[in-house]
Each structure stands twice: as C-alpha cells, then as structure tokens.
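In the two complexes below, subunit A is the common chain; its partner is subunit B in one and subunit C in the other.
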Partner chain A sequence: MNAERLKALALPVGLLIVLELWARSVDIHSDALAPPSAVLLALFNAFGDGSILSATRDTLASAFAGLVVGGAIGLFLGIALGIFQPLDRLMEVTIESLRPIPSIALLPIALIALGFGYRMEIVIVAFACVWPILILSRAAVRSIEPRLIEVSRALRLSPGDRIRKIIIPAALPRIFLAFRLAAGIALIVAVTVEIAINPIGLGAGIMIAQQALRPDLMLAYLLWIGLIGYALNAGLLAAQQHLFGPAALAGEVR
Partner chain B sequence: MNWALTLWRLASFAVAAGLIALWQLIANLKLVSPVFLPGPDRAWAALIRGFSNGTLLDKTIGTLEHMFYGWLVASVVGIALGAMIGSSKAMRSYVAPSLEFLRPLPVSAIIPVAIALFGLTQGMALFVIAFGAIWPMLLATIHGFGAVEPRLYEVARSLHMSRLAVIFKIALLSASPDIISGMRLSLTVSLILAVVCEILAGLDGLGHWVLLSARAFRSPDLFAGVILLGVIGYVTALAMSMVEARLLRWRTSGH
Partner chain C sequence: MTSVALRKDISSAQLEKSHIAFSQVTLDLGGKTIIENVSLDVKPGEFLCIIGASGCGKTTALRLAAGLYQPTSGHVSFDGEPMRAPRRDVAIVFQDYGKALLPWRTAAGNVALALETIGMPKAQRPARIDELLKKVGLPNHADKYPAEMSGGMQQRLQIARCLAQEPKALLMDEPFGALDAMTRQGLQDEVLSLLDASKATVIFVTHDLEEAIYLGDRVVGLLPHPGRIGIDLPINLPRPRDQLTTRENPEFLRLRRELFDFIKASEA
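Right, the complex of A and B next:
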C-alpha cells in the first residue's frame, strides 16, 4: 500500500524537481512557464491579498446556483418522464433535439439577453446540468423494483406519497450519482464561460494573469482550479460512499 | 407493435412541432423582445440565406475541421499512450494515479496556458481540443487494457506472441468497447472546446460567427448558428454510435 503510494508520487514530484532545476539553470523568461517555486509563491500571494478567494467564491457560487436550478428542472422532468411512459415518448423528439446543443453555444444568446455577470453564467450552467440529471434520474426511476410500486398500490398511497415515500428513496442513490456527475460538469462549464467571455471568477482570473504576462500567477490559478476540481470530485465520491455504501456502486453506470 | 412505435414517434414529432409553433407565437406577439428571440421563421430564413451565399457552410466546415483534427490527434495519441501505460504494470502504478489526479481538472483552464505558448492561432485550438479530448480515451484505454481476461494473456504466452502482437491482436480488441465509448465522449468535448477556441481566438467557425452575430444583435443569424451547432452535435453522436454498432457487432453475435 505504502509502496504503491510512493510510486504514485514519484512521477509528479520528479517532474516538479526537474522543472524547477531546469528553470533555475537556464533562468527562463517565458510567457507560459515558470519555476514551481515561483508558482507556489504566486499562489500564496494571491491568497494573501484575497483575490483568488473572491474569484473562487464567484465561480463556486455560479456553478452551485446553476447546478441547483438545472438539477431541480432535470430532476422534476426526469421523475415525471420516468413515471409516465407516454409523456416520455411524446417528449422524445424535443429532448433529443435540444440535448446535443453544446451548452457553450448558448453563451452569445445569454450574453445579449442577460449581459455579463452571474445570471448568464448560471443560465448556461443550468442548461448543461439539466441533461445528465434528467437522463440518469429517468433511468433511475424506471429501474425501481416493480414490486415496490405494487406495494405502494396495495397500500393505496396517493400519487404524491408514492413519489415521496417510494420512488425518490428508491432512486436516491442513482440520483445522487447524477448530481455528482453534474457538479463536475457545473464547475467545468462555469470556468469555461469565465474564460471565454464572463469577467468574473477563476476563469477570468487566469485569463487576466495570462494577458498580464504573469506565467507564475497563471499557473498558480491553474493549480488551484485543478485542486478545486479534484477536491470536489473526491468529496462527492466520499459522500456518495458514506451515504449509500454498496447501493451507490450498484447504480454506477459504466 | 411496429405501428404503435411509429405512431408514438409521429406524436412525438407533433409535440416538437407544437413547441416550435408556440415559439413562433411568442415571437409574433413580441412577448420577448425580438432582439433576443427571433421567431423560428426568421431563424430558418437566416439559415437558408447563410447557406445560399455559402457563409454558413464555410463556418460549419471550419468548426468541423477544428473539432475533427483535434479529436483525431487525441485519438491517436490517447490510444497509443493508453496502450503503452496500460500494457505494463509498472507504468500503471507510476503514471495512472497522476492521470486520475488530472482528470477532474476543467480542461478549458488549459486555454490561457495554450494561448501563452502558441498565441491566438490554429495551433492553439488544435492543442486545446486535443488536450481536452484525450482524457476519456486515454483513461478508457488504460482501464480496458487492465480489464483484459487474464487467460488471453496466457494464451498469448503459450503461442509465443511478441508484445506488439499481444497489444494489437488481443488487448486493443478486448479494450475496444471501452475505447470507443471514450471516443464518443471525446467528440462532445471537442465540439465544445472548438466553439470556445473560436470565440477566444476569432478562428473561422460557428463559434466566432455566433459571437459576431450576438455583438451585432443579429439574433436570427445567432439562432441559425446555435441550431447548426446542435445539428453538428447530434449528427456526430449519431455517426459515432453507428460506427460503434458496426465495429462491435462481433461482440453481440459471439454470445
């Protein structure tokens, strides 16, 4: 176990040392590369003046708001389409023709309708999050053990109770999985929108660092964005295993 | 049974048509300012006009080219690297964890670095798209190589097959379902990154076209561009799943 961990660390640590030594020995003046120590220093400074923290707050707030809005729409539609088969068949062409639109393509529309800022970013993130949650929660509702539905019928549960007491709990592990995937997408889309056009958040921060010819700061932002992505993924994965245990793995689509 | 399916399909189209009619109604009644929301008639007219004078066709081809070249480079490099890493146990334990660490990185964050390295050029777009599209294929190949039935390796050993022959004749084939689903995922990624790169670098393509249309408040052109991007997404995904079904026919027939 420990040996495996050392092996895993060997490559990144080795690369960092080589990069540091090389950068020190040739004294690079590059717009794109900086010695790792300078990157770390830039990261600390950015933490010190708070700029990276407020950028992180902007990005995460937009990503989270978009995830909540898109997730709610996707979940509602997914459960509705999963329960009522005829509705699902009727909506098929509409959904399949909206789904392939790349979320980033909505950027110009959101830009002229809403202008720069949180709102347009939230709308685009929400659009991107609707589809995975819709598809996965629809599949989750459909794969519920039919006997559970029979039980709810035998108990004469009202439709509202049936959804609240039987369908949502039974589909919850897979719905959580859908939210985990969508959270990753939300972060990616938020950063992408910021890099492409929106002047707030981490994406704008990294673009400004690039345009100011500060490779150290730019790479510090890149490192920080990577860490956030990793932490988000690892945290949600741990939460999934903690909350649902083996049930979560049963829902894993591979 | 088949009739019922066709009827449902027709009803489904009717619902979509109804929604488009609703869109037309909203646009006609000017419930939303026509600056933001052109009716489907105007978007359609813009689409026809764009294709008849050739601009939209050029832009579409531009986007398809960016997307396809990046995806091609990513496929070749991703599968080759994946085969290299996946076929050796040492490489797997040294390299794979770093790759797993890099995977959740929002790939668009590499764009500023690519701009600093290459400038606002086609090369930058190629690098970014290839970098973004490589992950699903690379990880799928590594995973697929790791999941090869061990007895197949024993067979290869007893047949005295060389390492290259093992890779090409056994591991790649047995990993192909994983690899192809990775390739399909990458296709979506490369379309998104192509649009982003065109927006940022002003490269000739639909991404740049929709941004220019938005800046000039030519909303019918903008919607025409977005519709075309949706069509590209749909058609490429469809083509990929057809290729998948054809290439993997041996799997279903074998069982």
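Right, the complex of A and C next:
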C-alpha cells in the first residue's frame, strides 16, 4: 500500500523537478508561470503573513454554509419527492427548468439583491448544492428495498416513524455520498464566485496575485486549493467508510 | 377426561366463528386476474398450508390475508372485521429474510422495531428481546448484524420480530424455501413448538408438499391462471409430529400422493 502510494507520487514529483530545472535553465520571466521553488516560497510567505489562512477561512465558511443550506433544502425535497410520486410529477417541470441554470449565472441577480460578501456567495453555493443532493437523495429513497417498505406497512409504522426508522437509515449511505460530491461542488463554486466578483477568500487571493503580477503567489493559491479539495474528499471518504462500513456493504450487495 | 372434553367444547365454540375469512375474493393486478373467486375460512388456532404450482397466486393470497393488497371484488375479513389495511396482530414472515431485516440494526434492534411500534416502554424492551431471541434459538446473537448471520439465523430473527408483535395470526410466505434441507426440518419443528405455545392461527405458503402435510391441520391447493382453490384436505395426522415417524405414516404417504397428483394435474 505504501509502496503503491510512493509510486503514485513519482509522476507529480518528477514533473515538478523537470519544471524546476527547465525554469532555471531558461531563467523565465513570465506573468503566468513560476518555478516550483518560487511557488513553495510564496506559499510559505503567505502562511507567514496569515493572508492565505484568512482567505481559506472565508472560502471554507462560505462553501460550508452554502453546502449546509443547499444540502438541507435538497435533502428535504429529495426525500419528499422520493416518497410522494404525485408531488414529484407536480414539481418535475419546475425542477428540470431550474436545474440546468449554471449557478454562476445567478451572480448578477445575487449581487444586486445581496451585495458583496458572504451572503451572496452562500446563496450561489447553496443553489449549486441543492441539485445533486436532491437528485441523489430522491434516487436513494426510490431505490430502498421494497420489502422494507412492506415491513413498515405490516408493522403499521406511522409516516414519521417510517421516514425516521426505515427510509432515512436505508438511504443514508447514498445520501452521505451525495453530500461528499456536493462538498466538492461547493468548494469549486465558492472559489469561482470569488474569482468572478466577490472580493473575499482564496479566489480573490488569486485575482490579487494576478493583478500584482505575482505568478508564484497565484500558483501557490492554486496549489493550496488543490490540497484543500484533496483533504476534504479524503476526510469525507474516510468518514463514509467509518460510518457506513457494514451498512454500506449490505446495501451494495443487492 | 372432563377437562379434555371441556377444551373440546371451547374449541368447537370458537370454530363457529371463522378467524380469517375470504369471501368470493377476486384480485386483478395490471389487467390480469391473479386470484379468482376464492372463498376460504380459517379457524382460530388452525394451521393452514397453501400449496400450488408456481405462479398460482399463493403469495398473492397471503398478501391479501395480510391486508397488503385489497381485493378487486369480494372481501377479506379478520375476526369479522374487514381487512382494509395491515394489522399489528397479524404478522407476516417474508420469504426473503435478507431483505426484510434492517441491515443497519443488530438482531436486538430488529426485534426492538416491532416492540417500538406496539408501544412497549423502553425499560421493558431488553428483557422481552432476550426472551424472544432465546425462544427462536438466537440467545447469543443479540449484538450481531443480519449480514453477520447465516440464512437460517436471519429467518429465525425475522420470526422473532413477528412474535414480538404478539400476533393472533402468523402469515408465512415460503419461509424456509431458501434454506438447506437440514436447517429447514429443524425450523419446521421449532415453528410447531413455538405455535404450540402461542396458539396463533397460521397461514403457511409453501411449494414443498411434504412440508405442508407435516406442518398443517389442513392443506389448500391452488390452481393456476387464475389462482383458485382446487383442493382442500384436512390433515388428520397425530400431534406432536415427528420428522421420522410422521413422514413414514401411511396417511402421510397417501396425502402426499393425493397432493402430488393434484399438482401434476394442475400443471397439465
């Protein structure tokens, strides 16, 4: 396993070395590229003055808040539409016409309505997160073993108990997967909003570095965003396996 | 002697009233008639087995008795009341035990589900769960998840959950169909002794003719396409039954022959 990991690291590390050697040999003066050593130094300095930490806090706070708001709405709608087919048919046109709208296209409206800052960014992230969670939790509820629904009918569970004791636990592994995918989307959308217009967070950090003609700092931000995304996914994946190991397995076997 | 006579009087008084009654029940599903004009009375405490070729509507008949399906015409009643929805005092044991158990709950948790629905206070549940698991032969498996148990154990667990409902009637849909022969015989005897204690009425669907004769007080055979009653045989074999001697009884062999001929004729 460790040997495998080392092998997987060989390619990116090798590329970095080649890039470094090439950058030094031609002594580049570029507005877009910088030698890896300069990027690492810029990242180190950005940690030193705290600028990248406060930007990370802003981005993650917006992304997380948007994920929670959008996730809650998506989950509620997904479960409701999964259970009540007539409601699903009623909502179908509305949902299918809202869903294809790129969340970033809401930016002008959100900006007028809410101005710059966290709130506008949270709304746009939430909009982006509603859909994958709605669609996946609706599918999760629909794919629950029909026998379990019959068991709940035979036991005469109340609608509340049926949702709480059967539907949610049965769908939970897949709902968690939906949240994991939406977390990645939340980070992407948050950074995009910041690059496009919102003067906070990591995206704004990239724009400032670009305007200051600091490709090393710009790439340092990119590297850092990549690392955050990787850590986020790895953490959620570990949590998923830890929480749903046996249950997820039992769910997959069918 | 007098007490025996007395018991007989009580039971014959009960026999006047049928417990589960189908009257002229027809069920259409998806434009097809699955069950046609079935009338059937099941007496309190009776162990009724339903047999028939595959696709004859055995399972559908059981679901009608459970209130999971509503008849297209005619009606199903329980203790004289129309069966419009499932009832907590009628428990159903599904064939596919692996799908009918909650995989995220332990054995104890699965039994607890039924206790929660009948509103048993939390403090009383652990003792009752222990008792039920012991009854079905799973006393040391309370903390195991269904995925960690064998098929026979999972089916025992499902039976424990049904017994937790304290049912007046137990409906069993080919409960041992997916188990190996030895496990199946063991479970047959356990079910007989469990029911001896609980006195519940049973409708037991099976495709195994010997199983039906071995367990039942009465065997009803269905004819396919559409499902209707083709044969209704009382089983007058002595109880308690025994896997060896009962199955060697000439009456057992005669009944097996009669049912076998019935199935053959129904498939022709």
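In the analysis below, the second predicted complex is superposed on the first by the 238 of 254 C-alpha atoms of A that agree within 3 Å, B and C clash if a C-alpha of one lies under 4 Å from a C-alpha of the other, contacts with A are read in each partner's own complex, and residues count from 1 in each chain.
Everything that follows uses one rule, which is that contacts are C-beta pairs under 8 Å (C-beta built on N, C-alpha and C of every residue); 3 or more make two chains touch, one makes a residue touch a chain.
Just so it is clear, the model here is predicted, and its values are computed rather than measured.
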Would you check which partner chain A:L21 touches, where first means subunit B only, second means subunit C only, and both and neither mean what they say?
neither
Which holds for A:L53: it touches subunit B only (first), subunit C only (second), both, or neither?
neither
| message | Is A:L155 touching anything from subunit B or subunit C once the two structures are fitted on A? First, second, both or neither. | response | second
Taking the superposition as given, does A:P100 touch the first partner, subunit B, the second, subunit C, both, or neither?
first
Considering only touches as defined above, state whether A:V13 meets subunit B (first), subunit C (second), both or neither.
neither
Subunit A contact check, subunit B vs subunit C, more residues touched by chain B
The subunit A residues in contact with subunit C across the complex are 145, 147-148, 150-151, 153-157, 161, 165-166, 169-170, 172, 246-247, 249-251, 253-254
As the complex stands, subunit C meets subunit A at residues 66, 68, 85-88, 90-92, 94, 96, 99-100, 102-104, 113-114, 116-117, 145-147, 165
The answer for subunit A against subunit B in the complex is residues 4, 7-8, 10-12, 30-32, 89-94, 96-98, 100-109, 111-113, 184, 187-188, 191-192, 195-197, 202-203, 206-207, 209-210, 213, 215, 218-219, 221-222, 225-226, 229-230, 232-233
Listed in rising order, subunit B residues that touch subunit A in their complex are 8-9, 11-13, 15-16, 19, 35-36, 93-98, 101-102, 104-113, 115-117, 188, 191-192, 195-196, 199-200, 206-207, 210-211, 213-214, 217, 219, 222-223, 225-226, 229-231, 233-234, 237
